[in-house]
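Below are two complexes that have chain A in common, paired first with chain B and then with chain C.
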Partner chain A sequence: MGQTWASRLIIFTTLLFLVGPFIIIIFAGLSAGSSLAFPPDGLSLKWYLAVFEVESFRQSFVLSMFLAVGGTLTALVIGVPAAYAICRYNIPGAETIKIIVAAPIIVPGIIVGLALLRYLVVPLEFTVTLALFLAHTALVLPYAVRVVSASLQNLRTDIEEAAVLLGCNRLQAFTKVILPNIRSGILAAFILGFVTSFNQVPVSLFLSGPGVRTLPIDMLAYMEITYDPSVAALSALLAFLSIGIVFIAEKTLGFSRYV
Partner chain B sequence: MSNIAVSLQNLTLAYGDTIAVPSLNLDIIDGELIALLGPSGCGKTTTMRAIAGLMKPRSGTILIDGKDVTKTPANKRGVGLVFQSYALFPHLTGFENVAFGLRLKKRPNDEIVQRVEAGLELVGLSHLATRKPSELSGGQQQRLSLARSLVMEPKVLLLDEPLSNLDARLRLDMRTELQALQRQTGITMVFVTHDQSEALALADRIVLMKNGHIEQIGSPEALYDSPQTVFAADFVGFENIFSVGLNTQNEGTTIYNNTGELTLPYQANVSHLAWRPGGVVVGSGPHKGVVTGMAFAGDKREYVITTSAGKIKADVDVSVPAIQIGEDVFFDLPESSARMLDDKATQTQFKHG
Partner chain C sequence: MFQNRTEGLALVLPAAVFIAVLFLFPVGILLSEGFKVGGEWSLAGYADFVSKPLNRTVFFRTLKLGFLVAFVSAIIGYATAFCIVNLEPAQRGRVFGLIILPLMISPVARTYAWIVILGRTGIVNKAIVGMGLSDSPIRFLFTETAVFIGLLQLFMPLMIVSLISAMENLPKDAIPAARVLGASWLQVFTKVILPLTREGLVLGGTLVFTGALTAYITPAILGGSKVLMLETLLYQRVNVSNDYVSAGIIATILIVMCFGANVVLRRVAKA
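And then the complex of A and B:
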């Protein structure tokens, strides 16, 4: 009996640490007062509505969406063929390629951001938006390669040969037989990439310039000046967005198989 | 021109430095059901993949209907292949799996529907057309895979171990179905198997392979009754094989294997002698041994008799009273049931003594 109590306590504590901040944020955003506080200063929805009135939030949200969608799609365009090549052909040094591709996950974001700033933006005069786009693509690429590789590995190789013997050329065999069968893996990679990119802070921090900020960076900047509950409200809304996406993905794809 | 559907000429197939099939020559006759028979690893799959165009030969020529297709890509050869694992497309229904090749050819829709339905009908799967492969049993997947190749009306249909993934009962049913299907469609079929009874039951002709070369080609009857080599005899069930020694006295024949020797009271001017278990006479004869094993097999008892020339396998009809393990028996290796093999190449296989 004692053991069940102990394990329940551990589970409860863990959940509290995971979910607790989220609950605090939701309520802090529901405040009727004008400064960020918990417990909230009365209850109202005004800060949840006020978020949509802030011009810089609107702009940075558009940029973040563009980076998350565009960067992830680009990463998939590169990552799907790369995963295919790594899984299907005896490429010399396939293991090394996997490690290199995984580097942006392993190397701290601060270093990646600094490196990109130092070697792309400053000397090559890349625009901030382009640098951000490249950075986000590179950050999402490892996830794309890994998740797509996982679903390719579950696919028999002989169906491609069967397709060829029924008349397909190599490209048709890929598009008609391989792609449809790794569709859910690709969708899973897209969602994972989207969420990763959208929530990305350290790299974006280095690459943000005047007037060009991703949403998380913009929120940081906003908080330095204005300490009102709108940031909490926005955080809660973004968290709901992420949870919603992952929930739908889990229901439709069995997302947890891939991550 | 001729009635040869596929001709392999000096075909050499290799994986890197390993030569899997050295210089194979084989003519496959139009409309026949031919079996490539041999133990695992002897190059059956490799040969089949080369015919299909999935593997480039190191050297040699492949003719299909008299045309050189050695350099023709796999998707233009008109060869069908039923994979050992069936290789069905998981995302498509049964109907769409079968329609796949016809859709690629951009056939009119009416024709596709009609041909696919006919194909499914042929293999008895019409009622399961809307199911995905994962919702079909092994035997049904097998037949779907067969239908998918058949609707393309291939010049040659290759089947890689088509029955090996089925359970025993289904395997026997599919044997009959496959044979009926071949007779009905008249398509030249080449099927691979390591199971001699399957090859004997199904094929018009059997190609027995060993280490990438052809050991013997012939009808099932010819292979079963007259194997030409030690390997072939062993493969079709002559389980007692001996080398023939030099005759010192002109009176008989000394036979031996790596355990010991026996002297037979008749002459044999060949390199090897072989008997099926059923050809050994138990209960009388000039030789003596001890029964060291007995297995009941329904209509017969399978004995192991330990003799001065090692273990001999002998089958005896159940109507004869059982001999207990440990009993001494007399036995005979009669000339009438001996298979005489003149196989000089295998002579060194047994070391005397």
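And then the complex of A and C:
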């Protein structure tokens, strides 16, 4: 019995350390006062509502959404064929290609952001939005390739051969047989990419320009000038958004199988 | 497996070219900047970089925090993973969900919480002053301790998850058998659990160590300019002094350390 209590205490303490700060953020955002505090000075929803009134948050939210959705979709459009080729073809230099495609995960984001800014964006006069879009796509691409590859590896190869024998050409075999079968893998890759891109800071740090910022960068800038509970409220709302998306994905797809 | 190589290459090329052009090419030039002084190839930039005490302090601090975070995560991770693996399946799923929950939350939000906790008017200071342990609030923010706590909370779930999957593969009878044969708990850990979960420890350790080395948000918010780490130093060098030689050197150091950690630790796992 003693051992069970000890083990419960250990789990509880670890969870308190990992999840506790998140609960504090939720309550700090519920404050009725005007400065950040826990326990909050009275309870009200005013900071949760105030978040929607801040013009820069609205703009940066739209930009972050665009980058997360657009970047991940683009990454899938070039990532799915790559994953298919890596799994099904005997391509020359396969190992090198795999390393190239995985590189964005290993190289720290801040270096990527700076390098892109200095050697591509400035010389070629890209707009800030285009630069952010390309960077976020590159960042998400390795996840797209990896998750879709995992999904393809679980798929039998003979159903595709059967489709070809029954008269499909290769493209039809892919769109009619392979694609429907790896649908949930693609969706899992999309969600993983979306969450990664949406929460991404270091890559966007140097690339964000005047008036064009992603939401996390905007929050960092806002925190430096004010000490009110709105960032806490916004953090809590975003956390609920991510958790909601992942929760639904887990219930419908068994998301954790792919990650 | 299809044998048509051109077709395969055509499918994989867009992704590989995209990353090579947008990623490897610019990063490669940035790294080369560290080896150039006034347009000439030279190692003078490195000599100059090493000669500055601040750079050395930041380098060793980053390394120290990386090791400490990985080490403490491993200790807490082993205790927690051991307890979680022994839970009943239904409970285990719920606890596991709570462990990975923070991974889905924005690091900005997670780090921001520590300002509420450790700030001058935060809970910890309220408790300390309230209990009469100190007359005035103690400064926690902008100290190495704050950065350490923030990084630990950020990356510990990766260690716990790696250790849980390693421990699930541990033969069920191994620990009771060792106990029956007279091993103390310390011996059970060093002679049974540690060798059999080594790969999980190495995987978790690599993720936590490289994660802590390359974290930007946590040292920026909780450390500020008082507790610089390599990433925040890089940002400062570029934004404040436009110093791209230092930026190239720091970038090279970070990439070498990350790859080094991957290679060395993989060797350790196989040895």
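Quick note on the criterion: the second predicted complex is superposed on the first by the 253 of 259 C-alpha atoms of A that agree within 3 Å, B and C clash if a C-alpha of one lies under 4 Å from a C-alpha of the other, contacts with A are read in each partner's own complex, and residues count from 1 in each chain.
Quick note on the criterion: a contact is a pair of C-beta atoms (placed from the backbone, for glycine too) under 8 Å apart; a residue touches a chain by one contact, two chains touch by 3 or more.
Owing to the predicted nature of the structure, the values given are computational and were not obtained by experimental measurement.
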Given the touch rule stated above, what does A:58 touch, chain B (first), chain C (second), both, or neither?
neither
Looking at the overlay, what does A:166 touch: chain B (first), chain C (second), both, or neither?
first
On the superposed three-chain arrangement, identify whether chain B or chain C touches more chain A residues.
C
So which positions on chain A get touched by both chain B and chain C?
none
Chain C partner, complex, touching residues on chain A are 7-8, 10-11, 14-15, 17-19, 21-22, 24-25, 28, 35-39, 78-79, 81-82, 84-86, 88-92, 97, 100-101, 103-104, 106-112, 114-116, 118-120, 134-135, 137-138, 141, 145, 157, 195, 198-199, 201-202, 205-206, 216, 219-220, 223, 231-232, 235-236, 238-239, 242-243, 246
Which residues, counting only chain C, touch chain A once they are in their complex?
1-5, 7-9, 11-12, 14-16, 18-20, 22-27, 29-30, 76, 79-80, 82-84, 86-87, 95, 98-99, 101-102, 104-110, 112-117, 119, 121-123, 152-153, 156-157, 160, 213-214, 216-217, 220-221, 231, 234-235, 238, 244, 247, 251, 254-255, 258-259, 262
Parts of chain A lying in touch with chain B, wherever the complex brings them together:
155-156, 158-159, 161-169, 172, 176-177, 180-181, 183
Interfacial residue positions of chain B with respect to chain A in the complex
52-54, 73-75, 79-81, 83, 85, 87-91, 100-101, 104-105, 148-149, 152
